[in-house]
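What follows is a short report on a single structure.
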Amino acid sequence: MAQTETKTAEAAAAFQPRIVAFVCNWCTYAGADLAGTSRLRYPPNVRIIKLPCTGRIDPLFILKAFEGGADAVLVSGCHPGDCHYTSGNYHARRRWALFRRLLDLTGIDERRLFFSWVSAAEGQKFADLVADITEKVRAAGPLEPANPARRRL
Amino acid sequence: MARIGVFICHCGENIARTVDCAAVAAAAAKMPGVVHSADYKYMCSDPGQQMIRQAIAEKKLTGAVVGACSPRMHEPTFRRAAAEAGLNPYLLEMANLREHCSWVHEDRAAATAKAIDLVRVMVEKVKRNRSLYPIRVPIEPTALVVGGGIAGIQAALDIAGGGKKVILVERGPSIGGHMARLSETFPTLDCSQCILTPRMVEAASHPNITLMTYSEVEAVEGFVGNFQVTIRRKAKYVDWSKCTGCGDCWAKCPARKIPSEFDARLGARTAIYRPFPQAVPNKPVIDREHCIMLTKGKCGACAKACQRGAVNFKDQDELVKVKVGAVVLATGFDLWDHSAYGEYGAGKFADVIDGFQFERLASASGPTGGEIRRPSDGQVPRTVVFIQCCGSRDEKVGKAYCSKICCMYTAKHGMLYKHKVHDGRAIVFYMDIRAAGKGYEEFIRRAVEADGVEYVRGRVSRIYRRTDGKLIVRGADTLAGRAVTVEADMVVLADAVVPRSGGEKLAQLFGVGYDTDGFYSEAHPKLRPVETAAAGVFLAGACQSPKDIPDSVAQASAAAAKVLGLFARPELEREPVVARVNENTCVHCRACIQACPYGAVEDHEIRDRKGHLVRTVARVNEGLCQGCGTCVAICRSGCIDLEGFTDEQVFSEIATLE
Amino acid sequence: MTIAIYQSAMMNIVLARDEAPDVRTLRLQFADEADRVRFFQKYRVGMFGLYGVPGAGESAFCVASPPTRTGYVECTFRRTGRVTAAIRDREVGQAVTFRGPYGNSFPIESWKGRAIVFIAGGIGLPPIRSVIWNVLDRPGDFGPVTIVYGARTVADLVYKDELADWGARPDVKLVTAVDPGGETPDWKGQVGFVPFVLDHAAPPGAGAVALVCGPPIMIKFTLPVLLKLGFAPKDVYTTLENRMKCGVGQCGRCNVGSTYVCRDGPVFTLDQLRHMPAADM
Amino acid sequence: MKILDADKLPDLAAVLAAAGYRVVAPVRDGAQVRMAEWKPGLAIDAGPIPANSVKEFLFPRCEVIARYSLDGDSFAPQPAPVDAPKTAVLAVRPCDAAAMVALDKVFNWEYRDDAWNARREATTLVALVCAAADDECFCTSVGGAPDARLGADAVLRCADGASKFILEALGEKGQALLAAAAGVLADGDARPDPPASVPVRFDSKAVTDWCGENFESPLWRDLGLACLGCGSCAYACPVCHCFDIQDEGTRSEAVRLRNWDTCGLALFTQHSGGHNPRPDQAARWRQRVMHKFRYFVERFGGLACTGCGRCARLCPARLAISQVCREIDEARKAAAK
Amino acid sequence: MSTSEAIRADAARLLAEGRAKLVIGYRARGPHRAPAFVSDPAGVDVLIYDNLCKQNLAVYLRKPEVRSRGPVAVVAPPAVMRSLVVLAAESQLTEATVLAVGPDAYHGVLDLAGAAALLKEKYADLAPSPELLEALAKLDAMSPQERARFWTDQFAKCTRCYACRAACPLCYCARCIVEKNVPQWISTAAAQHGNFAWQIIRAFHQAGRCTLCGACEAACPQGIPLMLLNLALSEEVAKQFGEKPGYDPAAKPVIGSWKPDDDQGFVR
């Protein structure tokens, strides 16, 4: 029993979540830059894919990431009112409000899909966010084998 | 055939300390399509750039990835280097190995693995990049200036003087703004009207300036270089082409007790009126809210009086569309309504007035002919208390900022009062004196030393009216450390400067940001104080932050210089990151058209050779598209793509992370 | 066990040449000698193969080199979609997959001693280039050769070097043409559409064989000219290029009526085409 | 005579599974009865005609036909073994069993498909004589019968008023299955119930002839109006076998897939240049009917339709090929008079 | 006069007067109901209407084969009318002639505006079936892993026949996203990843547009409960944005518009 628990704990510690982040160029990408220039530390589990705006992010991107075995996806952009393109993030916000419901219903729940606003000034917020979601995903464990979107051929 | 070069920068030790750069370069060398991979201590240095140029030339690279710092740092540098070697600059991408990797991670193995991923993502992307060329958009060399105060007038005159056309839009019936209402101006005490009216006349008569008074911006389409602005010309009910400005009409108007906005409600005007005698244009409008004919349907006294038949009660608002290439917002300010201050009488005491009211009392053209007479009974006040920072620097009323101009105009008010009422007492309550301007400190000193204005440092806690009509002002003298009570005949409050009402709506029309106080946001507080986030829209005057006349004029000239700089070229070069519609597969559901924040997606009719309509599709106007990609993600059938961030590129980036 | 019929040979690209915008020729060598031997045992002119890049897919196009050159296989293709783009992206030294040859062939043995007229438009030349070289590689076996080749513009002409070779040979009469407006200032060939140019060249048709390949509109207007010149419908050949996936008569999409292009074709005579439902082509 | 009580089909399945068979049988799934891999505990419902045919167990919807490992710009073939488990299909309908015989011809037409043949070899089809038919059944119009044995390795037949099954082997595979199932089978006697009665709805020979002469007919246009252009009919059909070949992959591996495809979809024949030889639904319906009733006959000497009626049962627009054939037949008869 | 008789009379009149070249309605095929296409006034006798008539005939108004016939009239229960209203809002229809039928009454020949008015007046509260609501509630009560398992099993049945798409009046794209192969976002293979992506995107592309007519699920030959997905999204659209598609021909797309105060409780 004790042995199993140790094993599980080890497995959890060894589990390196794979997180794909889709971020906008103007706010969150710059926020991540600021985290860097501020020499903040966060776990190395996130791979950022830069888009001009959250408005560009198609749900297909998220599906594709999960299909490829991501344990979680982060979508992040400018705060409401701050969009470089005035309203791309408002469009995105609606899209995600519905899309997350769909994914939750089909088994990819809120421990796998994160949305945030991170401004260019919020380096600390970005670092904290990545640390926090990495921890959350680690706690939730690998999405496999229950990943309904995974390629199996 | 992709022939990609990968260049990994050590950034001295900045990247190399945490990331095994050689290992990244070695891994990159094995990535599909990569024909050249190298690492170097400083890629951004001359030798580093030379490495890139050389590899592009020698290896006939079709694309390059530089793994270094953030692209926000050096993308222009490396793209320029690529261009110098003959590679289209858009065929070079950067992998952010410093800000996004080495600086934020400690575990060398994990950071190196991540760096390899980041490079691979960009390799996959760059393989699908296309050569892009800046988009050239013709510029409509006409500027729109919104607001006809001194800032707007100055901007308009400077642009017009630079040989470009200007449309000057003013909400009120006359240009001139607040400056026209001032009696004298600090620190020179020259007559405000005397220096302003020539400018007003010049603006009205300048061949390059089209004046649109009594007009407001209704709608804005388009983008820098090509704005289409719809302006509502409010119904004036007077045909200005016939009107001579003779004044017969307002002389006959029976509605005579309308508080005059120009005189800060201290005087009255008629329903058909010109705001002030020096108004430009010097022609009347009918105030439709107060006109008896327009509200009750009978009267017409003015129409009978007008010998030119210029009065037209059937006049209607008119929407005028103009094409402009740049916009200067100069909408100015208002004074905060001090009725929120219950301790100062909540606006109920007639003799507690604001700065504009004092200006009108002091003005020779004002309701008292320049004599200082208090509003309640017309008596000359013997003791006048001036209170600074009324609303400003008071977070309780949500205004943390300093209104900047009050210290100076209060000193001026004190002086003017003393000049007119030699035996009167002018007492100023202040928190600090901020007189950082040329001749400003001297001006304050003059008020105190030469004119005997009494300054008390401290706040006024309460004003109440005694039964004999005296205003009892209770405050503290913090320097003397005692309570002060003054029996005043009149109190002048230096109300906070706030943006003009309706400013938010206008900002939204132009896509300009504004702060929590409603002041328009400049693009950068230090380096781009005149620009806004909306390209081609510039700021002048107090709409951006409280400013005095010299600062407003300076910023107006700066805005004009920006406009003239923009207009100096016939075309605008834009980033070629724009969306394109695949018209073969577009089914015209119009979701993209409705979603585009810029109105850049338009209906496009496809016609056969004979001109018959085959079908309608969406088409992106490259001049308007800003490249956000919202339409791309909205399109269900994937018929729109965004240059620089195409579906293929993003797909490959995600796929390679599997 | 694997499905043998879908196992491809590995072929290495030994030469790549850009012929025209988006048109490329690859010369491929079998990685495995056994595959080469098997291929050339079966290969006759007119047959096609399925060329592929793992991960992108397979695409069918003809073998453009003749069976007389047994060291390699050449193909010429236009980039039209995902697969052809992937094949085009392969470089010399890299590999592609190949299976084939499939389909029927031109019955050139029955043409011995007869005059042969090749008529091609644009990217229609590759399917009959193998026949041209096969005929030219066997001097004395066949009668006089006429080649009428047209393209939209000079840039769109493929095999420019070989055209020069053919034009210089005494045993070939070569007529090249570009559509009106497609000529360059130094264009030495004719200007006009292929049917018109063919009519003008007027090769004798009686007893001769004609091979026509090109866009449907060109074929449509060329056939009457051929009949006028005296060619018999049974002696006029063309190749069909319907969409194919399996190449072996099973996937069910290339059929014209009950004729499977992959299996019964791709080579058909005008006589045969007349008995096939035009609406399915 | 080998006898099985009517409620003992799960026992039969269990004993076969224990003998190493993958067992496929009709099981209930929501509102449908579907042919599915049987798992212990699942009830077997041999009553209704299953919504899907047995085809997918011999010709999967998606199958890896080649596999490559990728490394940078190079690749290397990897084994792509055919998955052909020993399978027993219980209560397969005679129309489905007959369809497998038609597919044998396709998959061995000059080129032999190893995967098909391997799975066919590994599969024992235990046909169920239909005791009931519905208004979409028309096996008798296309040369079949509710008790036909074509393609079957063994036959289950209801007996003694549906209280029992008689299980009869028809060949070596059937005998092997019976041997494996011996534990649940009893020796005895039972009176077979009469098979369902399926009226002949049209003369298929007449349809074949008509198709030969009517490539252009207003009938196709009418069909094209109602048809929505999906693949429901083809994927439900036990004989339809068209497929697509697509590659997929990651950066380390690529697979070449054979996926079901159908002439009902617009893209099926569309050239990469945009031209489509079958530009509208009318042309696609014509292909469907022609393929089943004319081209297949010309190439293989039989029909590509076994009268199961699934296409009609599942069509979102309730189009029925049997009715089309009947109309053709009637029109032909009317014309002959 | 029965509803069927009234439909026949109106159909004959529309055809005779040339107001319609084609009337699309329902006919009987044995015990089943199939679409009927009547172009001759003499042929209207096949038209019937009863509660077995379920197919959403609005789907035909987008077919080129149908559009090329000239003006079309369609027998339209509320579900069909709602689809037509959405099609109009998405500029896929400029006008429509409907023979409006309700479960309770026949409303005669209406144009698009008339149909929209009728919908708002009489059919504003078309509620999903209690069974469907219950099924969704049951699903929502499961753990994420159970939900994943449920849908993995359901989607495993998908053969990619695209009957769901073909039957849906709102799936009118000239080139469906699944048919886009550069890049191929959604695998066409009837395997787990392709089926999941297809079903999720199909449902998502209906978000804010779906009128819950049920055509997709009814068309699915594999019995996949697609309405659970549609209902979940429709509920969310109503709850979050207060939108109910299919009533306003001038409605803006739910995805494609926004309000500053849209919920963002889920955004960190």
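Structure notes:
For clarity, chains are labelled A, B, C, D and E in written order, and residue numbers in each chain start from 1.
By definition in this document, contacts are C-beta pairs under 8 Å (C-beta built on N, C-alpha and C of every residue); 3 or more make two chains touch, one makes a residue touch a chain.
These numbers were taken from a predicted model, which means no experiment stands behind them.
Simply put, of C-D and B-E, more C-beta pairs touch at C-D. Comparing the CA-atom centres of all chains against that of subunit C, the greatest distance is found for B. Averaging Cα coordinates per chain places subunit A and subunit E 34 Å apart. The distance from the centre of subunit B to the centre of subunit D, each centre being the mean of the chain's C-alpha atoms, comes to 71 Å.
We define each chain's centre as the mean of its Cα atoms; on that basis subunit D and subunit E are separated by 31 Å.
Counting partner chains per residue, subunit A has residues 64, 67-68, 81, 87, 91, 95, 151, 153 touching two or more of them. Contact with two or more other chains is made by residues 33, 584, 595, 634, 647, 651, 655, 658 of subunit B. Within subunit D, the positions touching two or more other chains are listed as 62, 70, 73, 244, 246, 248, 250, 257.
Of all possible chain pairings, those that touch are A-B, A-D, A-E, B-C, B-D, B-E, C-D, C-E, D-E. Interface residues of subunit D, counted against subunit C in their complex, comprise 65-66, 68, 70, 73-75, 77, 79-82, 84, 106-107, 109-115, 118, 215-216, 241-249, 254, 256, 258, 261, 263, 268-273, 275, 277-278, 283, 287, 290-291, 294-295, 298-299. By the touch rule above, subunit B contacts subunit A in their complex via residues 70, 72, 96, 98-101, 103-107, 110-111, 113-114, 117-118, 121, 511, 513, 533, 577, 595, 597-598, 626-630, 632-634, 642, 644-645, 647, 650-651, 653-655, 657-658. Note for the complex: subunit C touches subunit D at residues 1-8, 10, 52-58, 80-81, 84, 90-91, 94-95, 97, 216, 241-243, 245-246, 248-253, 255-258, 263, 277, 279-281. Taken together, the subunit A residues at the contact with subunit E in this complex read 59-60, 63-64, 67, 80-81, 87, 90-91, 93-111, 114-117, 129, 146-153. Those residues of subunit E lying in contact with subunit A across their complex are 139-140, 144-152, 155, 177, 185-187, 189, 191-193, 196-197, 200-201, 203-204, 207-208, 228-229, 232-233, 236-237, 240-241, 254-260, 262-264, 266-268.
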